[in-house]
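Scroll down for the structure; my scribbles are underneath it.
Chain nomenclature is as follows: A, B, C and D, assigned in order of appearance, with residue numbering initiated at 1 for each chain independently.
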Amino acid sequence: MASTAPNRRLHGHAATRRIEFSETDLAGVVHFSRFFVLMESAEDEFLHALGASFTTDPDGNAWGWPKVSASCDYRRPVRYGDRVDIVLRVAARSARTITYEFSFRRDGEEVARGRTVSACCVRRPDGSYQAVPIPASLADRIETAR
Amino acid sequence: MASTAPNRRLHGHAATRRIEFSETDLAGVVHFSRFFVLMESAEDEFLHALGASFTTDPDGNAWGWPKVSASCDYRRPVRYGDRVDIVLRVAARSARTITYEFSFRRDGEEVARGRTVSACCVRRPDGSYQAVPIPASLADRIETAR
Amino acid sequence: MASTAPNRRLHGHAATRRIEFSETDLAGVVHFSRFFVLMESAEDEFLHALGASFTTDPDGNAWGWPKVSASCDYRRPVRYGDRVDIVLRVAARSARTITYEFSFRRDGEEVARGRTVSACCVRRPDGSYQAVPIPASLADRIETAR
Amino acid sequence: MASTAPNRRLHGHAATRRIEFSETDLAGVVHFSRFFVLMESAEDEFLHALGASFTTDPDGNAWGWPKVSASCDYRRPVRYGDRVDIVLRVAARSARTITYEFSFRRDGEEVARGRTVSACCVRRPDGSYQAVPIPASLADRIETAR
(Lines give C-alpha, C1' and ligand atoms only; values in the text may rest on other atoms or scores of the structure.)
Protein backbone atom coordinates (compact mmCIF):
# COMPACT_ATOMS: atom_id res chain seq x y z
CA MET A 1 0.00 0.00 0.00
CA ALA A 2 1.58 3.19 -1.18
CA SER A 3 0.72 5.21 1.89
CA THR A 4 2.84 3.02 4.18
CA ALA A 5 5.70 2.28 1.80
CA PRO A 6 9.04 3.02 3.44
CA ASN A 7 11.82 5.11 1.99
CA ARG A 8 9.60 7.42 -0.01
CA ARG A 9 11.09 10.88 -0.06
CA LEU A 10 9.32 14.16 0.03
CA HIS A 11 10.74 17.04 -1.87
CA GLY A 12 12.72 19.04 0.62
CA HIS A 13 10.68 21.33 2.85
CA ALA A 14 12.92 24.07 4.19
CA ALA A 15 12.74 26.20 7.30
CA THR A 16 15.17 29.06 7.78
CA ARG A 17 16.50 30.31 11.09
CA ARG A 18 18.90 33.04 12.11
CA ILE A 19 20.92 31.65 15.00
CA GLU A 20 20.17 33.47 18.22
CA PHE A 21 22.56 34.58 20.92
CA SER A 22 20.92 32.31 23.50
CA GLU A 23 21.60 29.24 21.34
CA THR A 24 25.36 29.55 21.71
CA ASP A 25 27.66 28.31 24.44
CA LEU A 26 31.00 29.48 25.81
CA ALA A 27 32.80 27.81 22.90
CA GLY A 28 31.17 30.45 20.70
CA VAL A 29 29.05 28.02 18.70
CA VAL A 30 25.51 26.67 18.75
CA HIS A 31 25.15 24.14 21.56
CA PHE A 32 24.81 20.66 20.09
CA SER A 33 21.46 20.07 21.82
CA ARG A 34 19.91 23.04 20.03
CA PHE A 35 20.09 21.28 16.67
CA PHE A 36 17.38 18.93 17.92
CA VAL A 37 15.14 21.86 18.77
CA LEU A 38 15.75 23.24 15.28
CA MET A 39 14.86 19.88 13.75
CA GLU A 40 11.62 19.93 15.67
CA SER A 41 10.90 23.46 14.42
CA ALA A 42 11.27 22.21 10.85
CA GLU A 43 9.03 19.21 11.61
CA ASP A 44 6.48 21.63 13.05
CA GLU A 45 6.50 23.75 9.90
CA PHE A 46 6.13 20.60 7.82
CA LEU A 47 3.07 19.48 9.81
CA HIS A 48 1.73 23.01 9.57
CA ALA A 49 2.05 22.92 5.77
CA LEU A 50 -0.03 19.73 5.87
CA GLY A 51 -2.79 21.40 7.88
CA ALA A 52 -1.78 19.82 11.17
CA SER A 53 0.44 20.55 14.17
CA PHE A 54 2.12 18.69 17.02
CA THR A 55 -1.16 18.78 18.96
CA THR A 56 -3.92 18.59 16.33
CA ASP A 57 -4.34 16.31 13.33
CA PRO A 58 -5.73 17.61 10.00
CA ASP A 59 -9.25 16.77 11.19
CA GLY A 60 -8.86 18.71 14.42
CA ASN A 61 -8.40 15.74 16.77
CA ALA A 62 -5.86 15.74 19.61
CA TRP A 63 -2.72 13.85 18.79
CA GLY A 64 1.02 13.95 19.45
CA TRP A 65 4.32 12.87 17.89
CA PRO A 66 6.76 11.77 20.59
CA LYS A 67 10.25 11.01 19.36
CA VAL A 68 11.36 7.40 19.17
CA SER A 69 14.93 8.32 18.34
CA ALA A 70 17.04 11.28 17.29
CA SER A 71 20.56 11.75 16.01
CA CYS A 72 22.81 14.43 14.58
CA ASP A 73 26.22 14.63 12.91
CA TYR A 74 28.03 17.93 13.30
CA ARG A 75 30.25 18.98 10.44
CA ARG A 76 30.98 22.68 10.86
CA PRO A 77 30.66 25.02 13.82
CA VAL A 78 27.57 27.21 13.53
CA ARG A 79 27.63 30.66 15.07
CA TYR A 80 25.40 33.44 16.32
CA GLY A 81 23.88 35.35 13.43
CA ASP A 82 24.37 32.58 10.88
CA ARG A 83 21.41 31.99 8.58
CA VAL A 84 20.76 28.29 8.43
CA ASP A 85 18.36 26.47 6.14
CA ILE A 86 16.94 23.29 7.58
CA VAL A 87 15.88 21.05 4.73
CA LEU A 88 13.47 18.33 5.86
CA ARG A 89 12.85 15.12 3.99
CA VAL A 90 10.55 12.25 4.87
CA ALA A 91 13.10 9.44 4.64
CA ALA A 92 10.70 6.66 5.57
CA ARG A 93 7.20 6.07 6.78
CA SER A 94 5.94 2.99 8.55
CA ALA A 95 2.38 2.36 9.71
CA ARG A 96 2.98 4.27 12.94
CA THR A 97 6.14 6.33 12.50
CA ILE A 98 7.70 8.92 10.24
CA THR A 99 11.46 9.15 9.80
CA TYR A 100 12.66 12.64 9.00
CA GLU A 101 16.08 13.64 7.73
CA PHE A 102 17.33 17.17 8.18
CA SER A 103 20.13 18.84 6.31
CA PHE A 104 21.38 22.03 7.96
CA ARG A 105 22.88 24.31 5.33
CA ARG A 106 24.68 27.62 5.53
CA ASP A 107 25.32 29.32 2.22
CA GLY A 108 24.57 26.00 0.55
CA GLU A 109 27.13 24.04 2.54
CA GLU A 110 25.90 21.27 4.82
CA VAL A 111 26.97 22.09 8.38
CA ALA A 112 25.04 19.34 10.17
CA ARG A 113 22.81 16.41 9.32
CA GLY A 114 20.11 15.01 11.57
CA ARG A 115 17.43 12.38 11.75
CA THR A 116 14.42 11.86 13.99
CA VAL A 117 11.76 9.17 14.17
CA SER A 118 8.38 10.35 15.44
CA ALA A 119 5.54 8.06 16.47
CA CYS A 120 1.93 8.93 15.78
CA CYS A 121 -0.10 8.91 18.99
CA VAL A 122 -3.58 9.86 20.07
CA ARG A 123 -3.82 12.03 23.13
CA ARG A 124 -6.37 10.65 25.53
CA PRO A 125 -8.55 12.93 27.68
CA ASP A 126 -6.35 12.12 30.71
CA GLY A 127 -3.34 13.55 28.86
CA SER A 128 -1.61 10.24 28.16
CA TYR A 129 -0.49 9.19 24.67
CA GLN A 130 -1.05 5.92 22.81
CA ALA A 131 0.68 4.90 19.57
CA VAL A 132 -1.74 4.49 16.67
CA PRO A 133 -1.51 4.09 12.89
CA ILE A 134 -0.91 7.32 11.01
CA PRO A 135 -4.35 8.51 9.90
CA ALA A 136 -5.12 8.27 6.19
CA SER A 137 -5.81 11.99 6.07
CA LEU A 138 -2.16 12.77 6.87
CA ALA A 139 -0.71 9.86 4.91
CA ASP A 140 -2.52 11.04 1.81
CA ARG A 141 -1.28 14.59 2.22
CA ILE A 142 2.28 13.38 2.60
CA GLU A 143 1.98 11.35 -0.60
CA THR A 144 0.39 14.27 -2.42
CA ALA A 145 3.17 16.55 -1.27
CA ARG A 146 5.81 14.33 -2.82
CA MET B 1 -4.47 35.95 60.45
CA ALA B 2 -0.89 34.85 60.73
CA SER B 3 -0.99 32.49 57.80
CA THR B 4 -1.69 35.25 55.32
CA ALA B 5 0.42 38.00 56.87
CA PRO B 6 2.71 39.59 54.30
CA ASN B 7 6.40 40.16 54.66
CA ARG B 8 7.05 37.17 56.86
CA ARG B 9 10.40 35.65 56.06
CA LEU B 10 11.38 32.04 56.09
CA HIS B 11 14.83 31.14 57.16
CA GLY B 12 16.85 30.78 53.98
CA HIS B 13 16.40 27.49 52.17
CA ALA B 14 19.41 26.92 49.93
CA ALA B 15 19.85 24.91 46.79
CA THR B 16 23.33 24.48 45.31
CA ARG B 17 24.16 24.11 41.64
CA ARG B 18 27.34 23.68 39.70
CA ILE B 19 26.95 25.74 36.53
CA GLU B 20 26.79 23.54 33.47
CA PHE B 21 28.41 24.08 30.10
CA SER B 22 25.02 24.29 28.36
CA GLU B 23 23.97 27.21 30.58
CA THR B 24 26.62 29.51 29.15
CA ASP B 25 26.54 31.68 26.03
CA LEU B 26 29.21 32.98 23.67
CA ALA B 27 30.09 35.74 26.13
CA GLY B 28 31.40 32.97 28.37
CA VAL B 29 28.88 33.50 31.16
CA VAL B 30 25.57 32.05 32.27
CA HIS B 31 22.82 33.28 29.97
CA PHE B 32 20.60 35.72 31.86
CA SER B 33 17.46 33.65 31.22
CA ARG B 34 18.95 30.65 33.03
CA PHE B 35 18.82 32.42 36.37
CA PHE B 36 15.05 32.12 36.21
CA VAL B 37 15.30 28.38 35.69
CA LEU B 38 17.63 28.20 38.68
CA MET B 39 15.16 30.20 40.78
CA GLU B 40 12.47 27.71 39.85
CA SER B 41 14.76 24.83 40.84
CA ALA B 42 15.16 26.38 44.27
CA GLU B 43 11.39 26.92 44.52
CA ASP B 44 10.92 23.26 43.58
CA GLU B 45 13.27 22.12 46.33
CA PHE B 46 11.44 24.35 48.77
CA LEU B 47 8.07 22.84 47.88
CA HIS B 48 9.66 19.41 48.06
CA ALA B 49 10.88 20.12 51.60
CA LEU B 50 7.27 20.98 52.47
CA GLY B 51 5.99 17.67 51.14
CA ALA B 52 4.66 19.11 47.90
CA SER B 53 5.82 19.78 44.34
CA PHE B 54 4.86 21.95 41.35
CA THR B 55 2.19 19.40 40.42
CA THR B 56 0.95 17.94 43.72
CA ASP B 57 -0.06 19.62 46.95
CA PRO B 58 0.84 18.12 50.37
CA ASP B 59 -2.44 16.17 50.30
CA GLY B 60 -1.75 14.67 46.88
CA ASN B 61 -4.13 16.84 44.87
CA ALA B 62 -3.24 18.26 41.46
CA TRP B 63 -2.19 21.88 41.57
CA GLY B 64 0.21 24.30 39.90
CA TRP B 65 2.12 27.53 40.59
CA PRO B 66 2.25 29.68 37.47
CA LYS B 67 4.42 32.77 37.74
CA VAL B 68 2.73 36.15 38.02
CA SER B 69 6.00 38.02 37.71
CA ALA B 70 9.74 37.46 37.79
CA SER B 71 12.79 39.69 37.97
CA CYS B 72 16.53 39.47 38.41
CA ASP B 73 19.42 41.85 39.02
CA TYR B 74 22.80 40.66 37.74
CA ARG B 75 25.82 41.77 39.75
CA ARG B 76 28.72 39.55 38.71
CA PRO B 77 29.28 37.31 35.70
CA VAL B 78 28.78 33.65 36.59
CA ARG B 79 30.76 31.04 34.70
CA TYR B 80 30.82 27.38 33.82
CA GLY B 81 31.92 25.28 36.78
CA ASP B 82 31.06 27.90 39.37
CA ARG B 83 29.32 26.56 42.45
CA VAL B 84 26.37 28.78 43.23
CA ASP B 85 24.16 28.71 46.29
CA ILE B 86 20.62 29.87 45.67
CA VAL B 87 19.18 31.06 48.95
CA LEU B 88 15.39 31.24 48.87
CA ARG B 89 13.29 33.34 51.19
CA VAL B 90 9.54 33.74 51.33
CA ALA B 91 9.39 37.52 51.17
CA ALA B 92 5.60 37.76 51.26
CA ARG B 93 2.53 35.63 51.16
CA SER B 94 -0.94 36.79 50.19
CA ALA B 95 -4.08 34.67 50.15
CA ARG B 96 -3.28 33.34 46.69
CA THR B 97 0.37 34.09 45.97
CA ILE B 98 3.84 33.56 47.38
CA THR B 99 6.63 36.02 46.73
CA TYR B 100 10.05 34.42 46.75
CA GLU B 101 13.39 36.18 46.89
CA PHE B 102 16.51 34.46 45.71
CA SER B 103 20.08 35.39 46.53
CA PHE B 104 22.64 33.78 44.23
CA ARG B 105 25.95 33.46 46.06
CA ARG B 106 29.36 32.29 44.98
CA ASP B 107 31.89 31.87 47.76
CA GLY B 108 29.58 33.93 49.93
CA GLU B 109 29.40 36.87 47.55
CA GLU B 110 26.04 37.77 46.04
CA VAL B 111 26.33 37.50 42.25
CA ALA B 112 22.64 37.96 41.42
CA ARG B 113 19.37 38.63 43.17
CA GLY B 114 15.96 37.53 41.95
CA ARG B 115 12.30 37.56 42.82
CA THR B 116 9.30 35.63 41.60
CA VAL B 117 5.63 35.71 42.48
CA SER B 118 3.81 32.40 42.07
CA ALA B 119 0.05 31.98 42.15
CA CYS B 120 -1.60 28.96 43.72
CA CYS B 121 -3.87 27.21 41.23
CA VAL B 122 -5.86 24.03 41.06
CA ARG B 123 -5.39 21.95 37.95
CA ARG B 124 -8.72 20.91 36.56
CA PRO B 125 -9.23 17.55 34.84
CA ASP B 126 -9.13 19.29 31.44
CA GLY B 127 -5.61 20.54 32.19
CA SER B 128 -6.52 24.19 32.76
CA TYR B 129 -5.54 26.09 35.89
CA GLN B 130 -7.62 28.26 38.21
CA ALA B 131 -6.26 30.54 40.91
CA VAL B 132 -7.36 29.53 44.42
CA PRO B 133 -6.42 30.38 48.00
CA ILE B 134 -3.27 28.70 49.26
CA PRO B 135 -4.45 25.60 51.16
CA ALA B 136 -4.06 25.68 54.92
CA SER B 137 -1.93 22.54 54.79
CA LEU B 138 0.81 24.40 52.92
CA ALA B 139 0.35 27.69 54.71
CA ASP B 140 0.81 25.95 58.04
CA ARG B 141 3.96 24.21 56.89
CA ILE B 142 5.41 27.48 55.68
CA GLU B 143 4.73 29.08 59.04
CA THR B 144 6.18 26.10 60.89
CA ALA B 145 9.29 26.26 58.76
CA ARG B 146 9.95 29.82 59.81
CA MET C 1 23.20 66.09 25.41
CA ALA C 2 20.46 64.51 23.42
CA SER C 3 22.20 61.22 22.97
CA THR C 4 22.15 60.44 26.67
CA ALA C 5 18.75 61.87 27.56
CA PRO C 6 16.69 59.39 29.56
CA ASN C 7 13.10 58.39 28.89
CA ARG C 8 13.20 58.96 25.19
CA ARG C 9 10.98 56.42 23.46
CA LEU C 10 11.54 54.78 20.15
CA HIS C 11 8.62 53.96 17.99
CA GLY C 12 7.79 50.34 18.63
CA HIS C 13 9.96 47.85 16.80
CA ALA C 14 8.11 44.54 16.58
CA ALA C 15 9.36 40.99 16.23
CA THR C 16 6.87 38.19 15.65
CA ARG C 17 7.26 34.62 16.83
CA ARG C 18 5.13 31.52 16.53
CA ILE C 19 5.47 29.71 19.84
CA GLU C 20 7.28 26.42 19.46
CA PHE C 21 6.52 23.09 21.07
CA SER C 22 9.83 23.08 22.94
CA GLU C 23 9.00 26.38 24.64
CA THR C 24 6.09 24.87 26.59
CA ASP C 25 6.09 23.01 29.89
CA LEU C 26 3.84 20.36 31.40
CA ALA C 27 1.31 23.05 32.36
CA GLY C 28 0.70 23.45 28.63
CA VAL C 29 1.97 27.02 28.43
CA VAL C 30 5.19 28.82 27.56
CA HIS C 31 7.69 28.43 30.37
CA PHE C 32 8.13 31.75 32.14
CA SER C 33 11.90 31.78 31.50
CA ARG C 34 11.36 31.68 27.72
CA PHE C 35 9.89 35.18 27.70
CA PHE C 36 13.36 36.48 28.49
CA VAL C 37 14.79 34.66 25.51
CA LEU C 38 12.05 36.17 23.36
CA MET C 39 12.87 39.64 24.70
CA GLU C 40 16.48 39.10 23.72
CA SER C 41 15.39 38.02 20.24
CA ALA C 42 13.53 41.29 19.84
CA GLU C 43 16.55 43.23 21.15
CA ASP C 44 18.68 41.36 18.63
CA GLU C 45 16.37 42.34 15.77
CA PHE C 46 16.45 45.92 17.00
CA LEU C 47 20.24 46.01 17.00
CA HIS C 48 20.20 44.35 13.60
CA ALA C 49 17.94 47.10 12.26
CA LEU C 50 20.52 49.59 13.51
CA GLY C 51 23.34 47.86 11.63
CA ALA C 52 24.75 46.15 14.72
CA SER C 53 24.39 42.89 16.64
CA PHE C 54 25.11 41.51 20.09
CA THR C 55 28.72 40.94 19.07
CA THR C 56 29.55 43.74 16.62
CA ASP C 57 28.92 47.47 16.78
CA PRO C 58 27.88 49.49 13.71
CA ASP C 59 31.54 50.08 12.94
CA GLY C 60 32.44 46.41 13.09
CA ASN C 61 34.17 46.43 16.47
CA ALA C 62 33.67 43.65 19.03
CA TRP C 63 31.24 44.54 21.77
CA GLY C 64 28.58 42.98 23.97
CA TRP C 65 25.43 43.87 25.91
CA PRO C 66 25.24 41.92 29.15
CA LYS C 67 22.02 42.33 31.06
CA VAL C 68 22.04 44.41 34.22
CA SER C 69 18.48 43.45 35.13
CA ALA C 70 15.42 41.80 33.65
CA SER C 71 11.78 41.47 34.66
CA CYS C 72 8.50 40.23 33.31
CA ASP C 73 4.83 40.38 34.28
CA TYR C 74 2.69 37.52 33.00
CA ARG C 75 -0.91 38.35 32.22
CA ARG C 76 -2.30 35.53 30.09
CA PRO C 77 -1.10 32.00 29.44
CA VAL C 78 0.60 31.72 26.06
CA ARG C 79 0.43 28.42 24.22
CA TYR C 80 2.10 26.39 21.51
CA GLY C 81 1.22 27.72 18.08
CA ASP C 82 0.25 31.18 19.31
CA ARG C 83 1.53 34.03 17.19
CA VAL C 84 3.00 36.65 19.47
CA ASP C 85 4.17 40.12 18.56
CA ILE C 86 6.96 41.44 20.74
CA VAL C 87 6.90 45.22 20.60
CA LEU C 88 10.17 46.74 21.78
CA ARG C 89 10.56 50.29 23.00
CA VAL C 90 13.64 52.07 24.24
CA ALA C 91 12.28 53.28 27.56
CA ALA C 92 15.45 54.97 28.71
CA ARG C 93 19.05 55.45 27.73
CA SER C 94 21.86 56.42 30.05
CA ALA C 95 25.49 56.94 29.10
CA ARG C 96 26.23 53.23 29.37
CA THR C 97 22.90 51.39 29.40
CA ILE C 98 19.73 51.00 27.40
CA THR C 99 16.44 50.13 29.06
CA TYR C 100 14.09 48.21 26.81
CA GLU C 101 10.41 47.57 27.38
CA PHE C 102 8.68 44.70 25.67
CA SER C 103 4.97 44.26 25.17
CA PHE C 104 3.97 40.72 24.19
CA ARG C 105 0.73 40.82 22.23
CA ARG C 106 -1.49 38.09 20.84
CA ASP C 107 -4.25 39.28 18.56
CA GLY C 108 -3.64 42.78 19.87
CA GLU C 109 -4.07 41.83 23.53
CA GLU C 110 -1.10 42.23 25.84
CA VAL C 111 -0.27 38.82 27.32
CA ALA C 112 2.98 39.76 29.05
CA ARG C 113 5.13 42.81 29.64
CA GLY C 114 8.87 42.81 30.16
CA ARG C 115 11.84 45.05 30.72
CA THR C 116 15.57 44.58 30.44
CA VAL C 117 18.53 46.85 31.04
CA SER C 118 21.57 46.12 28.89
CA ALA C 119 25.02 47.56 29.47
CA CYS C 120 27.29 48.55 26.62
CA CYS C 121 30.63 46.77 26.88
CA VAL C 122 33.72 46.35 24.78
CA ARG C 123 34.95 42.83 24.33
CA ARG C 124 38.65 42.64 24.95
CA PRO C 125 40.92 40.27 23.05
CA ASP C 126 41.01 37.92 26.07
CA GLY C 127 37.22 37.54 25.89
CA SER C 128 36.38 39.64 28.93
CA TYR C 129 33.94 42.56 28.84
CA GLN C 130 34.27 46.09 30.14
CA ALA C 131 31.45 48.62 30.46
CA VAL C 132 31.91 51.67 28.25
CA PRO C 133 29.83 54.64 27.07
CA ILE C 134 27.42 53.83 24.25
CA PRO C 135 29.24 54.84 21.05
CA ALA C 136 27.90 57.88 19.25
CA SER C 137 27.36 55.83 16.11
CA LEU C 138 24.67 53.77 17.84
CA ALA C 139 23.27 56.60 19.91
CA ASP C 140 22.74 58.63 16.77
CA ARG C 141 20.98 55.80 15.03
CA ILE C 142 18.69 55.29 17.99
CA GLU C 143 17.78 58.97 17.97
CA THR C 144 17.25 58.92 14.21
CA ALA C 145 15.01 55.88 14.52
CA ARG C 146 12.68 57.68 16.90
CA MET D 1 48.84 0.75 22.03
CA ALA D 2 46.45 0.43 24.89
CA SER D 3 45.64 4.10 25.18
CA THR D 4 44.04 4.27 21.74
CA ALA D 5 42.41 0.83 21.63
CA PRO D 6 38.77 1.05 20.61
CA ASN D 7 35.84 -0.50 22.42
CA ARG D 8 37.41 -0.47 25.85
CA ARG D 9 34.74 0.08 28.47
CA LEU D 10 34.99 2.03 31.64
CA HIS D 11 33.06 0.86 34.62
CA GLY D 12 29.87 2.86 34.64
CA HIS D 13 30.17 6.36 36.05
CA ALA D 14 26.74 7.51 37.16
CA ALA D 15 25.24 10.95 37.55
CA THR D 16 21.81 11.33 39.12
CA ARG D 17 19.29 14.01 38.29
CA ARG D 18 15.81 14.82 39.51
CA ILE D 19 13.87 15.97 36.47
CA GLU D 20 12.94 19.63 36.69
CA PHE D 21 9.70 21.32 35.75
CA SER D 22 11.40 23.39 33.06
CA GLU D 23 12.62 20.25 31.28
CA THR D 24 9.10 19.12 30.42
CA ASP D 25 6.89 20.06 27.48
CA LEU D 26 3.15 20.24 26.97
CA ALA D 27 3.00 16.48 26.46
CA GLY D 28 3.92 16.21 30.14
CA VAL D 29 7.28 14.54 29.56
CA VAL D 30 10.92 15.57 29.31
CA HIS D 31 11.55 17.22 25.96
CA PHE D 32 13.64 14.94 23.77
CA SER D 33 16.36 17.58 23.33
CA ARG D 34 16.99 17.70 27.07
CA PHE D 35 18.40 14.19 27.12
CA PHE D 36 21.40 15.56 25.25
CA VAL D 37 21.95 18.18 27.91
CA LEU D 38 21.75 15.46 30.55
CA MET D 39 24.30 13.37 28.64
CA GLU D 40 26.63 16.34 28.63
CA SER D 41 26.14 16.77 32.38
CA ALA D 42 27.24 13.19 32.89
CA GLU D 43 30.22 13.72 30.58
CA ASP D 44 31.10 16.80 32.60
CA GLU D 45 31.01 14.85 35.87
CA PHE D 46 33.17 12.17 34.27
CA LEU D 47 35.79 14.72 33.19
CA HIS D 48 35.58 16.28 36.64
CA ALA D 49 36.32 12.89 38.23
CA LEU D 50 39.42 12.72 36.02
CA GLY D 51 40.64 16.11 37.21
CA ALA D 52 39.56 17.96 34.08
CA SER D 53 36.53 19.86 32.74
CA PHE D 54 35.10 20.94 29.40
CA THR D 55 37.43 23.94 29.43
CA THR D 56 40.60 22.78 31.21
CA ASP D 57 42.69 19.63 30.80
CA PRO D 58 44.22 17.83 33.79
CA ASP D 59 47.33 19.98 33.43
CA GLY D 60 45.36 23.23 33.45
CA ASN D 61 45.58 24.03 29.75
CA ALA D 62 42.63 25.39 27.77
CA TRP D 63 40.86 22.77 25.72
CA GLY D 64 37.36 21.81 24.54
CA TRP D 65 35.32 18.78 23.49
CA PRO D 66 32.94 19.70 20.68
CA LYS D 67 30.51 16.97 19.71
CA VAL D 68 31.06 15.12 16.45
CA SER D 69 27.78 13.26 16.69
CA ALA D 70 24.99 12.52 19.15
CA SER D 71 22.04 10.15 19.23
CA CYS D 72 19.35 8.95 21.60
CA ASP D 73 16.72 6.21 21.66
CA TYR D 74 13.69 6.95 23.81
CA ARG D 75 12.04 3.96 25.47
CA ARG D 76 9.77 5.27 28.21
CA PRO D 77 8.35 8.73 28.89
CA VAL D 78 10.24 10.49 31.68
CA ARG D 79 8.37 12.94 33.85
CA TYR D 80 8.87 15.87 36.20
CA GLY D 81 10.16 14.69 39.56
CA ASP D 82 11.52 11.39 38.28
CA ARG D 83 14.93 10.46 39.61
CA VAL D 84 17.07 9.33 36.72
CA ASP D 85 20.50 7.74 36.88
CA ILE D 86 22.67 8.47 33.87
CA VAL D 87 25.25 5.73 33.58
CA LEU D 88 28.17 6.75 31.37
CA ARG D 89 30.52 4.31 29.68
CA VAL D 90 33.47 5.01 27.44
CA ALA D 91 32.45 2.81 24.51
CA ALA D 92 35.44 3.62 22.34
CA ARG D 93 38.44 5.87 22.20
CA SER D 94 40.36 6.84 19.09
CA ALA D 95 43.42 9.07 18.93
CA ARG D 96 41.28 12.20 18.88
CA THR D 97 37.78 11.25 20.00
CA ILE D 98 35.94 9.57 22.86
CA THR D 99 32.66 7.75 22.27
CA TYR D 100 30.40 7.78 25.30
CA GLU D 101 27.33 5.65 25.85
CA PHE D 102 24.68 6.73 28.30
CA SER D 103 22.02 4.55 29.87
CA PHE D 104 19.20 6.54 31.48
CA ARG D 105 17.64 4.48 34.26
CA ARG D 106 14.66 5.05 36.50
CA ASP D 107 14.27 2.56 39.32
CA GLY D 108 16.71 0.33 37.49
CA GLU D 109 14.75 0.30 34.23
CA GLU D 110 16.37 1.78 31.15
CA VAL D 111 14.17 4.63 29.91
CA ALA D 112 16.52 6.00 27.23
CA ARG D 113 19.88 5.20 25.72
CA GLY D 114 22.25 7.72 24.19
CA ARG D 115 25.61 8.07 22.56
CA THR D 116 27.89 11.00 21.85
CA VAL D 117 31.27 11.33 20.18
CA SER D 118 33.42 14.19 21.47
CA ALA D 119 36.57 15.45 19.78
CA CYS D 120 39.57 16.62 21.75
CA CYS D 121 40.53 20.16 20.77
CA VAL D 122 42.91 22.81 21.96
CA ARG D 123 41.45 26.26 22.44
CA ARG D 124 43.62 28.84 20.81
CA PRO D 125 44.06 32.34 22.27
CA ASP D 126 41.68 33.72 19.63
CA GLY D 127 38.93 31.41 20.91
CA SER D 128 38.95 28.98 18.00
CA TYR D 129 39.31 25.22 18.46
CA GLN D 130 41.59 22.76 16.71
CA ALA D 131 41.35 18.96 16.91
CA VAL D 132 44.38 17.35 18.54
CA PRO D 133 45.32 13.94 19.91
CA ILE D 134 43.95 13.20 23.37
CA PRO D 135 46.77 14.07 25.78
CA ALA D 136 48.46 11.15 27.50
CA SER D 137 47.57 12.60 30.89
CA LEU D 138 43.86 12.04 30.22
CA ALA D 139 44.28 8.80 28.30
CA ASP D 140 46.19 7.32 31.21
CA ARG D 141 43.55 8.37 33.69
CA ILE D 142 40.83 6.82 31.57
CA GLU D 143 42.73 3.55 31.43
CA THR D 144 43.41 3.65 35.16
CA ALA D 145 39.73 4.28 35.83
CA ARG D 146 38.72 1.13 33.99
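Everything below uses one rule, namely that a residue touches a chain if its C-beta (ideal position, glycine included) is under 8 Å from a C-beta of that chain, and two chains touch if they have at least 3 such contacts.
Just so we're clear, the structure is a prediction, and the values are computed from it rather than from any experiment.
If you compare B-C with A-B, the chain pair joined by more contacting C-beta pairs is B-C.
Ranked by separation of Cα centres from subunit A, the top chain is B.
The distance from the centre of subunit B to the centre of subunit D, each centre being the mean of the chain's C-alpha atoms, comes to 29 Å.
With centres taken as mean Cα positions, subunit B sits 34 Å from subunit A. Per-chain CA centroids place subunit B at a distance of 25 Å from subunit C. Residue positions of subunit D touching 2 or more other chains: 21-22, 26, 28-29, 33, 37, 40, 55, 80, 127.
Taken as a contact graph, the chains are fully connected, with every chain touching every other chain. Taken together, the subunit C residues at the contact with subunit D in this complex read 21-22, 24-26, 28-29, 31, 33, 79-80, 125, 127.
Every residue of subunit B that touches subunit D in the complex is listed here, in rising order: 20-22, 37, 40-41, 44, 53-55, 80-81. If you check the complex, the residues on subunit C that touch subunit B are 26-29, 32-34, 36-37, 40, 55, 64, 66-74, 77, 116, 123, 127, 129.
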